[in-house]
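In what follows, chain A forms one complex with chain B and a second complex with chain C.
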Partner chain A sequence: MSSLARPLYNTFVKRNFTFLGVIFASAFAFEIAFDITTDRIWDNINKGRQWKDIRSRYVQSGDGDEE
Partner chain B sequence: MLARSCLRSTRAVGAVRNGAVNTTKRAASSSTSSADAATPFRLNMAGSAATAVAIGSIAWYYHLYGHELHAMTPAEEGLHPTQYPWVHTQWTKTFDHQALRRGFQVYREVCSSCHSLSRIPYRALVGVTHTVDEAKAMAEENEYDTEPNDQGEIEKRPGKLSDYLPSPYKNDEAARAANNGALPPDLSLIVKARHGGCNYIFNLLTGYPDEPPAGAHVQEGLNFNPYFPGTGIAMARVLFNELVEYEDGTPASTSQMAKDVVEFLNWAAEPEMDQRKKMGLKTLAITSALFALSVWVKRYKWTPIKTRKILYNPPPVTRHH
Partner chain C sequence: MASLTSTSRTLLRALPRTSLSSLPVRALSTSSSKCGPGAADTSSFDSPFRGFGGSKTAKIPDFSHYKSNKSQTSNQMFQYFMVGTMGALTAAGAKNTVQDFLVNMSASADVLAMAKVEVDLSAIPEGKNVIIKWRGKPVFIRHRTPDEIKEAESVKVESLRDPQKDEDRVKKPEWLVMIGVCTHLGCVPIGEAGDFGGWFCPCHGSHYDISGRIRKGPAPLNLEIPEYDFPEETSLVIG
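The block that comes next holds the complex of A and B.
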């Protein structure tokens, strides 16, 4: 553990500007991952209810043409 | 002097009333002989009477002021709407956009002949119930005023996506004049604006009896609806089976149309609901994780304090005697 922690510390934490960059980058990555995950859960809960689920029925038909 | 004699006389009266013949107060209070046997009974009587008076006065006060006052009779309040299990009101459910599309069709073909929906522009329908092309086509069916041209004249132009849904009447006065003095309310926020919300509007639309019940007084020009406060509503029943023909093949029963249009009106009042619920779930997830983290940090920091032992070693006792 300590053999791995030492190079990690030296790489990411030791210098303040790298640590700050690591924080910003990880926040960015976390938000993307969190949004993707929760959006997927949300779309699964609301399967078939949202516009994106029924859009295909109407989008190519032009104007006033049913189905 | 006068006070002292009064004191003595009351004491004497008290002694007589107690039926005691003891001459001194000290002897009377300290004795437990048969002379005091009547006292508990009298105390019970006094206590019972005081309790009865207290209960009676409370009852009288409640009778005077305690009842809930109703300014209106139940008929004037209107029948309470039935609670329906709306799916779109659940915490994790969006609107059913197919139902929104059907509901907009019902509004457009039925409601819009009297009711305006003045806060909804055509662009709001894009990506919710219709595609861009469909919304543009619907907007172009209406005419709107242009900006004044070089001569200062206002002309007509076909509608654009940014235009709002046209109102059936020019203004409220025209609406009243056309509807026997009753103003059809704007439906943009009607779900938020009525007690009972979706349930009330659904009940109102489907709750018209075939004929008013016996004894109900319905004014000329009004219709009987038990859910409407006052039971006399200017709007007649408008939804009948097969009134509209749904493009997705859904059977257009009265309750189906009412349900769809109510959900559509709920969307009109709360177009942000889908996004709000999704953000709410995300917020709850993040904050609950942060809360768990904060509990863990607190316990971690307090561990040395919570688990420490304080020992007291008394100094060796040295006897001087």
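The block that comes next holds the complex of A and C.
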């Protein structure tokens, strides 16, 4: 544990701007992951009730001139 | 001076040990006799609790049970990890809050859908007016003939009330697009009427020419030009 902590500390925490950059980068990554996860949960709960699920029943030709 | 301060320090350190009654005597005696090698037997790193060492009421607790047995770096790393995670969550939350407010303030989809109007220009013959509704207002579209374009361009701009060149008012000279609301009090002018061959407002008698510029009457400004574009040769998008 200690052998792992020292290089981690030196790489990410020692200089403040690196630490801040790591924080913002992880915030960005976290946001994407969070959005994807919650969207997936939502789609899973509302399966078969959303327009993208029933679209094929009403739109046959795909890229027709109406909708 | 240095010996005096060290003496007083020794004295202070000795204070708890001495009984209060004998203090003045000893203080006097130490100041004279103990400033020599006798002061060296108490080091400056002594525990401040040493004087109470024998006392039963002031036991110093043993903290070793609570002490982390990991190294300092891994403890530090854990703390910084927690701080950083907290900061990242806060940053994501703050960003989302701001974004939600901005999204809430921007136009919604139904407004955006109403905001644009597409017109098929091939249905409008030369020399004809078309009035369409856009954002609740009438919009005049005139397919101008070459004669009308020449007429609009030949007007001396300096003599006008609201001087504006015809080329500043149109994107394509044959298509004149403007909002059909009189700049005086907001009536809708009548097309192909008035003294200048353009529009005439029946409410108070403002005359507009074939470029929609005010020429006569009470209106102060030319007819307003909306934002429009020609995405294709024969279609016009207003908005």
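Just so we're on the same page, the second predicted complex is superposed on the first by the 58 of 67 C-alpha atoms of A that agree within 3 Å, B and C clash if a C-alpha of one lies under 4 Å from a C-alpha of the other, contacts with A are read in each partner's own complex, and residues count from 1 in each chain.
Convention: contacts are C-beta pairs under 8 Å (C-beta built on N, C-alpha and C of every residue); 3 or more make two chains touch, one makes a residue touch a chain.
Computed from a prediction, not measured in an experiment: that's the story for all the values here.
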{"item": "Which superposed partner A:13 touches (first chain B, second chain C, both, neither)", "value": "second"}
{"item": "Which superposed partner A:51 touches (first chain B, second chain C, both, neither)", "value": "first"}
{"item": "Which superposed partner A:5 touches (first chain B, second chain C, both, neither)", "value": "second"}
{"item": "Partner chain(s) touched by A:34 [first = chain B, second = chain C, both, neither]", "value": "both"}
{"item": "Residues of chain A at both interfaces, chain B in one complex, chain C in the other", "value": "34"}
{"item": "Chain C partner contacts - residues on chain A that touch it in the complex", "value": "1-2, 4-6, 8-9, 12-13, 19, 22-24, 26-28, 30-31, 34"}
{"item": "Residues of chain B defined as touching chain A within the complex", "value": "92-98, 101, 127-131, 133-134, 137, 247-248, 274, 278, 281-282, 285-286"}
{"item": "Chain C to chain A touching residues, read off their complex", "value": "70-71, 73-74, 76-77, 80, 84-85, 87-89, 91-92, 95-96"}
{"item": "Chain A to chain B touching residues, read off their complex", "value": "34-35, 38-39, 42, 45-46, 49-51, 53-55, 57-59, 62-64, 66-67"}
